[in-house]
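Before any comments, here is the structure.
Note that the chains take the letters A, B and C in the order they are written out, and that residue 1 is the start of every chain.
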C-alpha cells in the first residue's frame, strides 16, 4: 500500500506528531516502502492460523490486593515540565 | 409521542472496592491530596509494568455469578489508545474482544408492579483515568492522577430498556446488587458508580434501531432520568423537523437540564485496540470461580423472597427491608432477639427506626440504637409494660442517648399501670371531679365515654393500660 | 587489568591482587582516554562508581563478596537508574532522571557490581547501527569508520575496546547479538521472560529482552546469573529457577546435534562471512557435534512480521511520552494538541517517528486485520518452524549478521536496507527463543559473529556450546589494536 501526504497527515495526527510540510513527502515515501516490505506477508495464506500475541504460553499472574506504594509525589514531580499545587499543568483541556 | 419508541442501553462503570489499584500497589482512598496516590505505574513512567490485582478479578467473577453470566475461562486485556492528559500512558488498559464476564441478566421491578428481565451483554475489567481540574491556573488545566488506575468493572446492558424510568430501575437494581456483593461502595457523588446511556428513538414497529447518542458520565439516578428524557425529546424533534440524529458523544448539563455535544471526543476516535503485550491472558479456573461463588452473599431477590416466606411479610415490606444488606441484617437481628412478632419488628424497622436514620442522614452502622436495643423496646410493648404510643417517646429518648428501653421506662416512670385497684382509684377521682359529665352520660350521652377515657389517661400520665381503662370505666360509669 | 575477563577479575579481587577501587579507577581512566573516539557513553558515573567500588571492597573485607562484587560494568541507557539520567538515546528523555532502578540494575547493585556509566544506543533501541542516537553515533573499535551495530552499540563498543569488562544490553530484533557480532564480542539474548523488563524502557513489549554482553561466554554466564530470575513486578517474567550457568559451561559437545537452517546460508549472505561461519562450524564438528541441515521455511517473513509487530507495540508504548509529566516539552504550546504534537516531534528522531507512524497505521481502523493480525499469524508460523526444528536438533547455528560492520552513513538514508541487517536475528525474538552471538573470525579488520539459537530456557546449553568453542579458539581474546 502506498501512502500519500494526506494519509501521512492523518496518521501523524493519531500519533500526535507534528510533521513539517517539507518532511511529509519523505515520510510518505519511506512509510510506503516499509509497507511494501511488510506486505510480503500476503504471499502466505494464513487462514485458520491462531494469531500469536505473545511468545509465552502463560497465564496472567495475579498480585495480592495490598497497598505497597507510598506517596512519592515530590520525587516524581521534580522531573515534571510544569507543576503547581501538586498538579501537572497543561494547556486548557476542552471537553 | 405515542408513535415513537425509545431504545436505551446502559454502560455502567462500577469502581471496585479494592484497597489498591488494578495494576499497581498505590492506594485508592478518595479525596487524597492531588497526585499523592499516583505511583510510577499510574503515572505511566518509562519502563514500568502492570500486574493484575487478584481481588479485582474475584469481584468481577462475583458479579458474573450473581447475574447468571459466563465467567470466561480466558479473557484478554487490550490497550485502547488515545491521547488525553488524564490518561498517563496514552492508552487505557481494558478488555475488548474477550471480556471476563459474558452474558447475564437482571430482573428489574417496574413502578406498575410488573417486572422485566434486562439482558447484560458483558462486563469487563479496566482502569480508570485521572481528572482534569479547570480552576484557573493562569488559564491552564491541572491534572490529578490519583484516580488513574482505579479498578472499574464496566457493565454493558443490551439495548432493552424502553423508557427513562426503566433505565433508572435497572440502574438502581444493579446498584443494589454491586453494593450487596461488597464489590463497590456505590457512592455516586464520588463517582464510584456512574453511567453512560446510549439513547435512540425509532417509530413503533420499525425493524431497525435509530441512530444513537451516547450521554457520558451520569452520576445520579435523577440525572439519568432527566438526561434520557431530554435526549429522547431532542431526537424526536430533530426527526420530526426533517433532520437527522448524528451518532455522537454528549454531555448532560444538570444546571440547564440538557445534553450537549462533546466535540473533543468526536474527532478521530480510532482507538487502535490491540492485546496488551505487558499482560498475559487472564485464566480463571474452576477453583477460582468456586471460591468466588462461596464468597457470594445471599442476593437481594433471594433475600426478599425468603423474608416474605419466613417472616410472613408482604412483598412490599420484604422489598423495603432487603433494600440493603445492612437493613436486612438489622431487621433479622431484631427478630431473632425478640423471638417473635416479625410484623411488629418490620413496622418498627421500616417506621420510626428508618425515619430517624433518614432525618439525620445516618448509616445503620452509626445508629445510636442497635438491633438488640430496639428488640428490648419491642419486648416491653409485647409484655405490656408500655403502650405502643409511649414506646415512640421511649424510642426517641433511646435515640437521644438516655439508655436502653428499661432504663428510660424506669427513669421516666413510664411503666404501664395494670393494677386494677390503682386504675379504679384514678377512675374514682375522675368521676368525683366531673359530676356534670357523669350525670349527662348516665342520662344517655354515650359520646362522653371518650371524655372519661381521656381524663383517666391524662391523670395517669398515659400509663394506665388502655384496655383495662376501657373495661373498668364501662363498668363504673354504669353506676 | 583491562585485559582480564570478568572471571579473571573476579578471581583477582578474591585473591586480593587488587581492590575494586583500583580496578574501577583503571577502567574510568580508560573511558576518559578512549571514549572521545568511540562515543560509547551517554553518561559517566565516575563518582558513584568509586563509592560503589569502596563499598564493594568493604563488603569483601567482611567476607560477603560474591563473584561480581567490585567488578565494573556498564548499563545500556535503556535501563532506568535512580538519580541518574536515563535517556534511551533520545532527546525527549535527555533530562529524564529516573526515579527508580530497573530490576536488572537492582540485581547488579545487590551483587555488588560497580556501574561506570550508561552506554549509547540507537534511540529507543530502534536501529542497527547506533546512528539514530540523539547523542551521535558510536564508532566501532575495530575500525573507526565502521558502525558498531545496534541498538546496544555503546555497550558492544565499550566491551570490545576494553573500557568495561561487561555490559548490559537489550535485544528486540537482534540488538544484543548484531552489535556483539560487529564488535567481536559475546552476547546472549535470553528466552523472553528470563530477565525482568521492569524499568527497562519498552520498545516492543512482546519482543524486548535484556541480556549480558562481554568478551567470553563464561563472563556472560556470570552476568546472566545475576540478571536472570523471577520478578513479581513483571507479569511476563517467568518464575523458574536460574541454573548455575558457570557450572554447566564445560559439558562436552559430543553428540550435540546442530542444525544449519538452509535459509540462513542463501542469498543475501556475504560470501566472506559465509566462509568464516563455515570454518567455525567445522571447528564444532571437531568438537564432536553432529551437523545437520534443517529448514525454517518462513524465515523470509520474519522481517515483514517484525516491522508490523514492533512498530505497533512501540506506537503505543511511546504514547506515554507526551510532555505532560516528564520528558521534553516544547516552548510555549498554544494549546493541548500543540503541546503533544510539537513536544513529540521535537523530542523523537526520524526513525522513531517512522516506526510510530507505521505502527499507528497498522493498528488503525480498517488495517488491523491486514497488518497487525496477519503479522501475529506469521509470527505463529515462524514460531512453529522453530518448534519443529528443535524436535530434531539441540542448537541452531548460522551467521549473526549477513555482513560485517558497514561504514557509518552507508545505510542511514535507506531504512529498508538497514532493516535487512537483522535478517537472521529477528525470528528469534518473534518466537521468544534464546540466541547468542560469539566471535568466530574476521573479514579484513572487521569481526564476524556466529549465532547460536537454543530452545526455550536453554541459555545454559548456548553458553556451554559457545564456551567450548572459546576453549579451543582465541577469536574472543583478540583486541582491536588501538585499544589493546
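Going forward, a contact is a pair of C-beta atoms (placed from the backbone, for glycine too) under 8 Å apart; a residue touches a chain by one contact, two chains touch by 3 or more.
Note that the coordinates shown come from a computational prediction; the quantities given were computed from them, not determined experimentally.
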I want to compare two interfaces, B-C and A-B. Which one has more contacting C-beta pairs? A-B
Please name the chain that ends up farthest from chain A once chain centres are defined by their CA atoms averaged. B
Whole-Å distance, C-alpha centre of chain A to that of chain C, is 23
Using CA atom averages as chain centres, what separation in Å is found between chain B and chain C? 57
Need the CA-centroid distance for the pair chain A / chain B, whole Å please. 41
Shared-interface residues of chain B (touching two or more other chains) are 40, 43, 45, 51-52, 83, 85, 143, 270, 272, 277, 279-280
Junction residues of chain C - those touching two or more other chains: 96, 99, 206, 232, 235-236, 315, 319, 322, 324-326, 336, 340, 360, 364
Shared-contact residues (touching 2 or more other chains) in chain A: 13-14, 16, 53-54, 56, 58, 60-61, 63, 72, 76, 82, 88, 90-94
So, in the complex, the side of chain C touching chain A is made of residues 95-97, 99, 192-193, 206-207, 232, 235-236, 238-239, 298, 300-301, 303-305, 307-308, 315, 319, 322-329, 333-342, 344-345, 348, 353-354, 356-358, 360-362, 364, 371, 373-381, 383, 415-416, 419, 430-433
Complex interface listing, chain B residues touching chain A: 18-20, 24-27, 33-41, 43, 45, 51-57, 76-77, 83-86, 132-134, 137, 139-145, 251, 262-264, 268, 270, 272, 275, 277, 279-283
Which chain B residues qualify as touching chain C in the complex? 40, 43-52, 79, 81, 83, 85, 88-91, 143, 270, 272-274, 277-280
With touch defined as at the start, can you tell me which chain C residues reach chain B in the complex? 79-80, 86, 88, 93, 96, 98-100, 102, 197-202, 204-206, 232-236, 312-313, 315-316, 318-322, 324-326, 336, 340, 360, 363-365, 368, 372
Chain B partner contacts - residues on chain A that touch it in the complex: 10, 13-14, 16, 53-54, 56, 58-69, 71-73, 76-77, 82, 84-95
